[in-house]
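For reference, the structure I am asking about is given below.
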Amino acid sequence: MQRVFELLKKKEIQLLLLIAFMVILSGGAWALYQTQIPPEQPIQFPHDIHVQLQIQCLYCHPGAQRQASAGLPTQQKCWACHGQLRKYWDPAAPVPLEQWPVELQKLAGYVERNEPIPWVPVYIVPDHVHFNHRPHIAAGFACEQCHGDMSKQKVAELQQTINMGWCITCHQQNSVNDPQKRIKLIDCGTCHY
Amino acid sequence: MAISASALPHAHAEEHHAHDHEAELRREHLMLDPKPRGELNAMVMESMTSTSWKFWVVAGILAVIVAVALFGAWGYMISEGLYLSGKNRPGYWSLFLVHTVFWVGISHAGTFVSALLRVFKVEFRRPFTRAAELMTTFALAQAGIQIFAHMGRVWLAYWMFPIPNQRQLWVNFQSPLMWDFLAINTYLLASTMYLFLPLIPDLAMARDRSTGWRKSVYRILALGFRGTEAEWTHLRIALNIFAFAILPVMFSVHTIVSWDFAVAMRPGWSSTIFGPYFVIGALQSGVAAVGMVVIVIRYTMKHMDYFIRKEHFDAIGKLMLVISMGWAYFFFNDYMIQWYGGDSFTDALLHFHEAGPGGWIWFMMLITNVAIPWLVLWNKAWRRNPVLLFSVGLLINVGMWAERYIIVPVSLQINRMPFLWGQDFRPGIEVPIFIGTVAFFVLLYMLASRFLPLVPVWEVQEGQMAHSIRRYGKEPVVSVAELE
Amino acid sequence: MTDKLSRRDFLKVVGAGAATAAVLTGCGPASRYVTREPYTKMPEYNYNGQSTYFATTCRECAAGCGLIVRTMQGRAIKTEGNPYHPVNLGKTCARGQATLQGLYNPDRLRNPVRNSRGESYQTGEKDWTEINWDTAIEVVAQALKDPAGVQFLLGPAPDHLFDLVREICKTIGAPAPIRFGALGMFEARVTLGEAARAMFGRPDTLFFDLANADLVISFGANFLETWISPVAYTRGYSKMRKQRTRGILVQLEARLSQTAAKADLWHPIKPGSEGLVAAALGKLYAEQKFGIAPAAFEAVDVAAAAEAAGLQLEALENLTALLLDADRPLVIPGGAALAHEHGLEIAKAILALNALLGNLGKPGGVFHTPVSPLGEEYRRPASLREMAELVERMKAGKIKTLFVHGVNPVFELPQALGFQAALEKVPTLISFATFPDETAMLADYILPDHHGLESWGYQRVTDGTGQAMLSGAQPVVAPFYNTKSTVDVLLAAAGLPFKDEVEYLQNQVAPLVEQTGGFYSAADLPSFWALFQQFGGWWKNDVSLSAPNAAGATEKKLNLKAVEASEQHEEFHLLVYPSPILAEAGANKPWLQEIPDPMTTVMWNSWIEINPHTAEELGLHNDDVVRVVSPFGAVEVSVYKYPAIRPDVVAIPFGQGHTAYGRYAEARGINPADLFGPNFNEAGDLAFADLKVRIEKTGKKRELSRLESKLGVYGEGMEEH
Amino acid sequence: MASLPKIPEYKAEWAEGEAGRWGIAIDMDLCTGCQACVAACSMENNVPFVGEHDAGYGRQMAWIRVERLWEGEYPEVKATPFQPVMCQQCGAAPCEAVCPVFATVHSQAEQINLQVYNRCVGTRYCANNCPYVARVFNWADYSNYPEPLANQFNPDVTVRRRGVMEKCTFCIQRIHKATDQAKAEGREVRDGEVQPACAQACPADAIVFGRLDDPESKVSKLSKDKRAIKLLEDLGTQPRVTYLKGGYHGNLG
């Protein structure tokens, strides 16, 4: 015991301890950061360009209106437009595939191979939470209230810390004057089953 | 300082040979066999610091057992799931809960012996209050380990704390487990403080008599105690308050532990008798454990034969006997209540206790808890025999383990759906974990004995100062001065 | 077959955060984020988490219930009953529910393989080399070039394959295919059909209108378990109970089966006495109602019949009173009742009793099953005697190539028949099995067919409903593995003029487009085909049951005998019944293994039911392993003290005891078919109910997993006071 | 946060004789014990299988079981009517009061008992206190199936891991789906529109599910039938499952 106390008094030992502490701390921070970076997508889809072209969210994510999941577009949907863009398909001067932007080449590849695009969901909830888009859209929420302004994002990024506190705070704020609604909105069984 | 004269037990035993009698009194009673202050202090210090290699061998073995049987097995169970234990449907609770109650019960007696006897100014308590209080704290730690091992997802145990959070989740104060959780925490805090308060003067004494790292640690722990009159007055007041305050806590803790069962909607559990039944059961096992600890201390540590004498064995033996009678009364009551108003499922359950496959455990419980103490402890000579007393204490603890075994896993086999009554019950990984906690308890105690004065020197001195032998004619009379 | 985002990838994506979240919250991320490539290109909504529902036909038994399978992102998730389907009207049994575990079974065969008949052949060890499908088709084509040496052995389902095979055999001049199923053997279907031919002039499994009867006397017909079409008959039972005056069910059999447990009255009659009891009832009934007994029942001695059945005379009289009281009585012959040496006579007696009761063609009575809309005549499975003849031909070396599909003869046929030994005389065995079953393990080539949920097809459904119908099957998911539809293989090998299976099927159902009175109609074949897939088949709206010809049914003399009383005291009647949960092929589905047997609640194993008194006499306790010895074989099995079985009868369920068939079925329980000998009744069915066995103690103990508490239900473990 | 009004306290609030919202009626005269409900429930709700040893050791995970007992001795022996027992979704549930962390709570919205898997810490007190023994515990990670068996998992239902309690939910995922659909169409849920897996599969139509607060629904009529009993009614748990006992004119013999 005595020796331990003595050791602790040494400068080098103190420095070593500090370094070990920093390593653990930064490791934790790195792990936390890993959970926060947006996932690698198969195609670097630029949301901003499409939103600026006045394409509605629900055009590509129609599920939001009808069902739990908003859905991700299939390559047919992408190709419906990109397959006839005048910019590349002008009969007078068609641009050869090799000269297309890289991301569009990837899309063309998926279409050619008739493979679905393996989009990676960005907003995911754990298996024990059953989120449903439909009632939220029905209640009049706009997409950007949760997903942020997509005209300023390229590849979709997580705009919210999706956790239960975030959900429940909003649920409460939106049922202040309606006890009946509140019962439903803060019921555990509404999301967890 | 009021002076009252009272006859101690055995004071009027033999009348002829007055001088022999006085010598015998001094040999018998620690309080009448004073030693100088310095010598006492030196004895305690020496008992604490002289360690043989045997000690470290035993401690090393225990440490290995703790590492493998307790933490190794437990860690394996956490990573694999509770299927490693013997639990099933309907035996959702089983040995972990048995062991929790078992350890809580043992922890009970430490505070009981110390606080209750202090309140009633029972003089024989003085040398072993510390040993009993340490037992409380260490046994509670084992109880904690067992209850955590019981949980399906122990890594979430902190959810039991009412921590305000953004998710607006709260704990359920309706749940007996919540009461239990709070009660045991309160008890742990209270008993630790109650352990610490009377330790202060002894730590100060140790600080003044040690060097090196020991001294620095004792200095911090002694809180600068110097032994002024004001400090002693404060300490005595605090101790008095605590001794009184801790009694209801102590009784409530085990009552609340019993409510885990008594409040549940189960045949055999849902009974009002469970509160006092559990308290007396806890005392039963606890006092027996104190007896065992005291005997072990006396025969393994230096100078302890001076502090702990046959009179203490005798007193603890009597306590054990009385409590065993009380326990038997409440056990009998359980059947009485069922006899005049129970339902058919409880009937089946009580029948199952003795006629089921675990019937031998039920009979063993009665033999070790009632028959043996009643037969042995009546006899003064037998009470004073350390081997016998130790054996009886051990048997009582086995019996109390059996009692909890019958209350938890055996009783769980009977419910209101006969289709799903018990199938069978086999212990699994609970066994190594229990062995691990026993080893852990002993290990903690051994390490503490190297560090804390196991005998409260100042209390012994205080008692010795208050006791004197006066002489009325030829008759020696013991008188006690009350320090207030 | 790519997992687009498997569970592992998902974890990678969200990193440590999700992994810890999963541990911390106690919920695995397994159920979502698993997608598969669907059979057809997924519609977009399917990617988005909406389910698609496909109608198909259940292949777990031959009853042909309609299923609606919920699929999502290319995975089949849940099977439900098809609410329009006349057989099951939206309901399913446990086996139908668990069919997904066949589809997703980890032990499915994944490639066509060749098994060299090396040393490992006898032990069933795998010595497989993978082949490609072109080679496989070539092998089949070569085999078909020697038509005289070709023999097809098919299971009771699917029918389109049978039709195709029959056509091929006819074209190339091979012997007609043989169909066999163990359930058919236990139901003694051939005997019932032969009895119907003898009594009513038309062979048929008959339709018993349970729903409208007000008194049902069942001779061991376990129609709530596996008998013919259990879901349909369970519905009939339910309707019978819900009538204005609740129908009464009387069950006469040696063991309290699940069906008997639902009966109001159960009489444990001796096996083999069913015919006598039926005749005695007929005699008493006729005498009291008409004053004179018809020729069929005249000869029977009522008192002797009661004696032979182990019944009090009073019980027979009470039953007669019930019959006289009833407006629409019905008597049903069960499988075990007919599986006696004189089973045909028993069947006739029971049918004659129905005729006497006057319920033929009346509500709550006996009918002929409807004729399939494809206009097929009665086609029965092979009887055991015919199977024995097949084995003889195999032994004689007359069969060069044996094709097996949809049936597992090595497991299902009694060992005494010598099928496995005869296989050595067959140069080539080609199995089309989906699972590595016992027969497939011995095959030279395994050319795995798709699972039922990945297959096209149709099933003629004649039992269980009064509506003439054809039940359709379609793939609900893309085939998982490198399997190939057997129909496609045969089409390619035989060089028939069909592009693929679908074209063949369309050709087969084409006549239906013309038919009227259907659930739907379509102008042309493509529209009809679409509707056929959408609704899972085609059926007529109207019930088309015809009354059996009752003329003279009660006037034919019957030759009924009692089974001679056992000479040796230690001999027991062995009653083998198909396990209600596992039936013939459910053993490889873990959930079916874990579903407790309805009567004994035993899971995952086999057992022998013994009356507690008998067990006491023999000194046996629960879970003691006994050796059951018949003249033809022996098995070792744990004892279940069953309180409701005749003391002179023991019972073993059929369904376990596989030596192959995947990890969930293998080395589990015993196969009671090993005890059967080649005893047939007059119709050729196996007379398995005549079997007598000895029971020997082994001193071993093997605990049965049961759901019920032995303590709570039987008081076991509690000492008596 | 300060501006938020008080949350209604989460506790099981019940009134004597209250009907409840969802309910099941089981006709024991019709139940044939065929176990289709057990299979259907397990398939719908991702209930795992546990293997021979654990199943026999009382760790079978099924949310519904079919009970039968015996009466009398041979030959007068009789099996009692098959009785499917699942969570009775008590109005005054004994399990709810004892959970220290509110992992089992009363759903105010659906009037059933919820088991919130991700809140459960695994004290198993609820299971002890359930007089119907309707709760099962994940003693191990039973759902770690060999590939590709896990493909059958229903994405609408959480896959439970070791250490959490679970029980029948009245197929709340189906209730949600139907109410969601009905709400979108601006109507109430129709009687018979929602069916839990057990009722849907039941070949004998013995299990009927529906709204108890709708006096016209089939289930509320059945639960007022003169044959209706509640399981362990004297405990006052107000179960939402009704059993119909006996036949229309009783049994013979």
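So that you can tell them apart, the chains are marked A, B, C and D in the order they are listed, and the count of residues begins at 1 in each.
Methods note: a contact is a pair of C-beta atoms (placed from the backbone, for glycine too) under 8 Å apart; a residue touches a chain by one contact, two chains touch by 3 or more.
Since the structure is predicted, the reported quantities are computational estimates derived from the model, not experimental observations.
> With centres defined from CA atoms, tell me which chain sits nearest the overall protein centre.
So the chain sitting closest to the middle is D.
> Of all chains present, which has the mean Cα position farthest from that of chain B?
Of all the other chains, the one whose centre lies farthest from chain B is C.
> Taking each chain's centre as the mean of its CA atoms, how far is chain A from chain C in angstrom?
Going by mean C-alpha positions, chain A sits 51 Å from chain C.
> Distance between chain C and chain D based on Cα centroids, please, to the nearest Å.
31
> Taking each chain's centre as the mean position of its Cα atoms, how many Å separate chain B from chain D?
That gives a centre separation of 45 Å.
> Could you state the distance in Å from the CA-based centre of chain A to that of chain B?
Distance between chain centres, rounded to whole Å: 57 Å.
> Which residues does chain A have that touch at least 2 chains other than itself?
126-128, 169, 172, 186
> Counting only residues that touch at least 2 other chains, which ones in chain C make the list?
22-23, 25-32, 49, 706-708, 713
> For chain B, what residues touch not just one other chain but two or more?
If we look for residues of chain B contacting two or more partner chains, we find 152-153, 156, 168, 417-420, 422-423.
> Which of the residues in chain A end up touching chain B in this complex?
Interface residues on chain A, with respect to chain B: 1-2, 5, 163-165, 168-169, 172, 186.
> Could you list, by residue number, the parts of chain B that touch chain D in their complex?
By the definition above, chain B touches chain D via 80-83, 87-93, 150-154, 156-157, 159-160, 168-172, 174-178, 181, 260, 263-266, 412, 415-420, 422-424.
> For a test of understanding, state which residues of chain D touch chain B in their complex under the given definition.
7, 10-11, 54, 56-60, 65, 67-69, 85, 94, 97-102, 119-125, 127-129, 131-133, 136-141, 162-165, 232, 235
> Enumerate the contact residues on chain A facing chain D in the complex.
That would be residues 126-130, 132, 134-135, 138, 169, 172-173, 176, 179, 182-184, 186-190, 192-193 of chain A.
> Which part of chain C faces chain B closely enough to touch in the complex?
23-24, 26, 706-713, 717-719, 721
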